[in-house]
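In the two complexes that follow, chain A is the common piece, with chain B as its partner first and chain C second.
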Partner chain A sequence: MAPHINLFEFSAKEVAAKTKPGQFVVLRIDEDGERIPLTIADANAEKGTISLACHEVGKTTTQLGKLKEGDSILDLLGPLGNPARIEKFGTVICIGGGVMVAPLHFQAKAFREAGNYVIGIVGATTKDHLIFLDEMGRTCNELCVATDDGTKGYKGLDFLTDLIAKRKVDRVVAEGPIVMMKAVSDITRQNGIPTLVNLIPIMVDGMGMCGACRVTVGGKVLFACVDGLEFDGHQVDFDELLSRLKMYTDQEKLAYVFWEKGGRN
Partner chain B sequence: MEADKEELRIGVFVCRCGFNIGRVVDVPAVAEYAKTLPHVVFAEEGLYTCSSAGLDSIKKQIEKFKLNRVIVASCTPATHESLFQKTCEEAGLNKYVFEMANIREHCSWVHMHLPEEATEKAKDLIRMAVARAGHLEPQTETELNINPSTLVIGGGIAGITAAMSLARQGFQVHLVDKEAQLGGMLNRLYKLQPTEREASEVIRELVIAARANNNIHLHTSTFVHEVSGFIGNFNVTLQTNNSNQPERINVGTIIVATGAEEFKPVGMYGYKENQNVITQLEFEQLLQNGELKKPKKVVTIQCVGAREKTGRTYCSRICCQVALNNALLLKKLDPNIDVTIIFRDIQTYGENERFYKDARENSINFIRYDLNRPPKVTSRPDGSLAVTVYDIYLGAEVELESDLVVLSTPLVQNEDARKLSAILKVPLGTDGFFFEVHPKLRPVDFASEGIYVCGTAHGPKNIVESLAQAYATASKASIPMAAEKIKAGAVKASVNQEICVNCDACVVSCVFNAIEASPFGLPKIIEANCKGCGVCASECPMGAMQLIHFKDDQIIAAIEALFNSEKRTEPDESFKPVILCFACQWCSYAAADLAGVSRIQYPPNVRVLRVPCSGRVDVLHVLKAFQSGADGVIITGCLIGDCHYVDGNVKAKDRVDLMKKSLGFLGIDPKRLEIGFASSSEGRKFATMMTDFVKEIEKLGPSPSRPKRGGEKFVQDNNKT
Partner chain C sequence: MSTPKPKIRKEAVPMPKQNPEERAHNFREVAIGYSEEQTLAEAERCLQCREAPCIDGCPVEVDVPAFIKLIRERRFEDAAQKIKEKNILPAVCGRVCPQEEQCQAKCTVGKIGQPTSIGRLERFVADWERQHGYATPQKCQATGKKVAVVGAGPAGLTVAADLIKLGHEITVFEALHKPGGVLTYGIPEFRLPKKIVEAEAEYIEKLGVTLKTNALIGRLYTIEELLKQFDAVFIGSGAGLPTFMRIPGENLCGVYSANEFLIRVNLMRSYDFPGACTPIRGGEKVAVVGGGNVAMDAARCALRLGAKEVKIVYRRSREEMPARVEEIENAEEEGIVFEFLTSPKRFIGDERRAVKAMECIRMRLGEPDASGRRRPVPIEGSNLLMDVDLAIMAIGRSPNPIIKQTTEGLKTTEWGGIVADENGKTSIEGVYAGGDIVTGEATVISAMGAGRRAAKAIHEFLMKKETFMGEKQNG
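Our next item is the complex of A and B:
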């Protein structure tokens, strides 16, 4: 779709039949691989497929990117997590950043079907990393584009302040980098607009057992896998989340080097 | 990056340094060898390359041979790099295309009796420098304008002193205090020793002087609400009580002088339960307001809530002086008042010792208590107090009658300072006080350039010490402001947007707030804040973040050059290990230099590669060394706690611990990787570390990753998965 961003369609009949927007799967490529959580970007119950979008950032995601049509992976567990709350709220802003625009699109579609007026915002660091522009354009009543470097659409997120000042917005749903969800929450906090963020921290089992995915929300420790992925953006301790996410960068790098250089996991 | 396209023309100047190098290393042979290296178009030996004749020769050869990279193989870059860089600049070359090979401190001086090995090592060091030089790029240094104004936060004696010092030098000062009245803690103290002047009088004079100074802009009842920017250009939002309109100012530097508070020992020794149990500060306020009902018997208890096992573990430094001072004032009020000080240790350091002597001479009683048997205060039915204490020297329990118990409690950080620490993005220590970047070398500086700390905000201290710090911060702040501009070195982080995956690992890794995340994750480097440690580059999973002048390709080129020699194949009979030592440019490189200066001999197997910080050493660099056939790799850094970049060495240690677990998968014994720490004064320690490590590697034998003789490439052992 964009450099190092891939969209996959997996055949997984049982998962597809039950998936609702906002849920995720945990997958393993092979016996020695790590388990990675990915938010579901689409599900087609008839075809029995689900879609997953993934940015190549480390060993597993790069390995995933090397798969070809027809390849299979070891296992895929899901759907996990709670479905996003989709109701008729009125005007809903769906804002997505980077690769997470794909799963956000799944939610945006559901909001539109539920009778909301959906304003979509697609963001990325730069023009070339924007994805799902056409899909979001078709799904949403309105579409805005933003980039960090201003190569396409608005530069940064400052325009959101004006947007919510001018329009009556009933709900904001954000899915993307932590810094983006934090920035969105900071902006909407001033107007008191309910803002839901989708958190997908480091996970192991994805079923509430290990506690790796803990997040502090309103002073309470919750587990993203069983309490989320959707949380009140105005209550989330984003700084803690960001620091927890970087716990294993060295390990990830080593795994990548060993895999790339030595063909091992 | 464009430099790759021009043809490399490298010149190598090998220095004899008189006898210093020439007596041990075969300099002519080394210079001849240098000529055989790729892209070297000129090489010569010199008696003293740093002499004017030597420098002239460099300039001449740059012109004659159109050199675009220059290497001097001589002494340590710590002393001579800038001289040679200047020479290159004079000849029209960029200073960043210059590279040094240290063949004196790291070679001839430490292998004085091994001329053959030293010569081989000198060749290796030059080969590494040549390889690295091929990847060097010209850089431009940027200049930042400095707004010659300061924000001083806190209008106590430290803040006012710093403000006055700067204002008198002609700088604009914004002095902010949360209280309506300036003066801070001194407004609440009684008399100061040794003059017995009223504290409030002392501070009043200072406040009047500050108010009268036209360069000082007062903001009372005001909080710092928001701070953004960097040295020279901080944007500050001030919020004044009773005002809806925040005030915005721009300053070049910031001084934190927010002071501290007295700890209130609620629940200890009957404090707040009996009105005759009070703290030292409350006692002074009674004296100040003339409200003290003259007591007959006063007991003072020291170290109340201080020097504890957890939490307030620190000594508050001033309480012993304060207790003695107040005891002496009581005696002066009426010599018949019975005063007892119950203490753990009396700490009246320096000149203050005489107050202890005075107290002894004025019949003040001292009882030393045992931490395990602390004193007890009980109220009697008649309202008087009984203090029971186990006297260590008497070996018995003593009961003291008292009508006033004064508790000496430590200074503690105040809540507003915690908020300020978050606003300024500067750290607090475990004791809650503001935490300077280096306890010895930069005692009033934060890691963030242009922000300084003085007074009790930094920890308990007396007025003299607070003033000394206040003047220190004023002096530090005036350096960039007087210069009006600072030149930022080009060794900065730089991100390649093409391969960045916006994970923001770099943002989290930077302790200097030099990398900001844009809303969609693009890291933005604030060059003014970047100190050039390169930790972010080592944390980046993609190699998108690089440190200019210490990029991965530059470091790896040197590593590969070290091992890519025909001689580095499987050893035949005698095994001479080749060991790569990464040394941070601060302490450990200096320790290696000192080992040289002190002529401390160590085995000649170690090749030092300079990096800005041990935290810059990436797992990739270490793996590359082993892949290329290193028998051992040792990373050296400053002592833990002394890192010039806060905690780069801790990150390096974590990385080594992790890699030790993983090296086995490559068939490399984890003992072949080590990390060591040395301060710049520990030349002997550096030499010992190297000696021990070489011995260890000799025991382990040659690395299985050494290329096989006959050109057969090393094949990874894949059976151990």
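Our next item is the complex of A and C:
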């Protein structure tokens, strides 16, 4: 799709039949593999498939990128988490960043089907990393593009301030990197527009057992896996979440190098 | 009947163990297990008394004197079968049951000396059976009834084994990628090797039970949906939700729930990182908060991951600790330090939000509380600072809310447990529950006992349903 971003279609009949936008899976590639959570980007109950988008950032995600058509993985658990709240709100801005534009598109589709006027915003660090532009263009009533470096569309998120000042927006849904969701929440807070962010912290089991994914929302400690993934962006402690996401940075590098050099073999 | 020997040795044959200096650095099993000679010598200490109070002490009523008699006759295979009539996980229970509070607490020999080491004997025969290959289990005639079991932990596996033997068709749904529940994700390798749990789960599959892993009930299928496909449902989803103290700094990096720490170490084998690629933060100075078996397990895992100093911080005194005496002793031998009558107030982090210290307050014991134990009361002004770079909260687990949230009409308690009678019957017809999800966090064997009673009730329910339907058709 874009450099180091892959879109997969997994055959998983039972999971596909139950999946709703906003939910996620936990997967494990092989016996030595870690369990990683990925937000579901689409589900087709008839075909019995789900789609997952994944950015190669470490060992597991790079290993996933090496899979070829017809390959299989050891474990897939889902659907997990609460479905996103999809209702007719009026005008909804769906803003996605990086690889998370794919699962956001799943929500945008549902918002449109529910009768909302959907303004889609696709963002990335740079032009080459923009994904799902066509899909979002087809799904949304309007589409904006933004990049951090200004190589395509708006530069940065400042335009959002003008956009929400000019239009009557009833809801904002953001899905992407923590800094982006934080910035969006800071902008919409001034206008008091309800803003939902989709958080996917570090998880192990993904069903409430470990507490690795705990986030502070409005001073309360919640578990993203069973209470989320969707939270009130104006209440989330993003700085805490960011620090927790970086908890294993050193080990992740080590695991990547070990694997690249051939692992146990 | 065998006559008791005139002189019974007062001391039990000691359990051979890895020495503390060595074992503190590896994940191999601490207790090595009796040899055949040691087993026979210990078996001789059983009086074979007619009262057999040990049987009453066992939550699943294993016929202890009978299996010990078979050991004496060197009929180990038969001894294993004798235990398995009542207990389908003998290699597990021989290792992790608190026998000192159950069968062995009632042992007649215990009145004159140390009780017969029933658990160690059970372990020997179970291991003997595993090493010599399990006998092919016999199957009952099929009844055509289907039962769904939610959770492949001690309660669920017991229900599955009991009901399949009666001819019902059983599917076990396990949310994790491996069966065993707490035996797999909670209890560490050095106390319960995972190959043993795997072998015991395989035995249950050999009985004909279908095991579906990666299937989270409540999300993949609701209980209501299961009732459309199955004649009865048993919920044994356990107490899987970690509890935190809700004190400042608890979300700093390096503060774990015991559940997360143990899941990473046991289920994901983080001790083998990066070979097994799930990371964990080891620590040099570790504090484990709590006084139960989970706290001991977490502390001993931290030590084995390379910690220089591991402290168990407990708000009451040694006497009130819920952990098994054997586990407390093992931890002490390995060099774990106990800080009794101490309770954390807050965690302090560095500039990267990693924990660097824990502020505590000393406690004294006041009047007894609802649990009968003396309530710890903070001593004002006794605050102290402990340097820690890893803290593990082992202060209890509560039921997972997913089934409660997704099952209409299922009565639950205010702490989130499922309401069930002594036979596991819940507020929904055909739905039974047992184990930690009903009682709150308890022992492996009490969950198995609950599973046994529920299996009996489910069988009666299925057969009654049969008659009723039959009559209806005939009428």
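We take it that the second predicted complex is superposed on the first by the 263 of 265 C-alpha atoms of A that agree within 3 Å, B and C clash if a C-alpha of one lies under 4 Å from a C-alpha of the other, contacts with A are read in each partner's own complex, and residues count from 1 in each chain.
One rule holds for everything that comes next: a contact is a pair of C-beta atoms (placed from the backbone, for glycine too) under 8 Å apart; a residue touches a chain by one contact, two chains touch by 3 or more.
Please read these numbers as outputs of a predicted model, since none were measured by experiment.
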Fit or clash - chain C, chain B, common chain A: fit
Which of chain B and chain C A:Val221 touches, first, second, both or neither: second
First (chain B), second (chain C), both or neither touched by A:Ala114: neither
First (chain B), second (chain C), both or neither touched by A:Ser243: both
Which of chain B and chain C A:Leu80 touches, first, second, both or neither: second
Touched partner set for A:Leu254, first chain B, second chain C, both or neither: both
Touched partner set for A:Pro177, first chain B, second chain C, both or neither: first
Superposed arrangement, angle subtended at the Cα centre of chain A by chain B and chain C, nearest 10 degrees: 80
Partner chain in contact with A:Ala45 - chain B first, chain C second, else both or neither: neither
Chain B versus chain C as contact partner of A:Thr60, first or second or both or neither: second
Partner chain(s) touched by A:Thr125 [first = chain B, second = chain C, both, neither]: first
Shortest span in Å between Cα atoms of chain B and of chain C, once chain A is used as the common reference: 5
Touching both chain C and chain B, counted on chain A across the two superposed complexes: 32, 243, 246, 251-252, 254, 258, 263-264
Chain A-touching residues of chain C, taken from the complex the two chains share: 175-177, 185, 213-216, 219-221, 240-242, 244, 246, 250-251, 253-254, 256-257, 259-260, 263-264, 268-269, 273-281, 352-353, 400-402
Residue numbers on chain A that touch chain B, as the complex places them: 3-4, 32, 55-58, 97-98, 123-126, 146-149, 156-157, 176-180, 183-184, 242-243, 245-246, 249-254, 256-258, 261-265
Chain A-facing residues of chain B, complex: 497-498, 500-505, 507-509, 517-522, 524, 539, 541-542, 618-620, 623, 627, 654-655, 658-659, 662, 665-666, 716, 718, 721
Residues of chain A touching chain C in the complex: 14-15, 18, 28, 32-35, 59-60, 74-80, 204-205, 207-212, 214, 216, 221, 226, 240, 243-244, 246-248, 251-252, 254-255, 258-259, 263-264
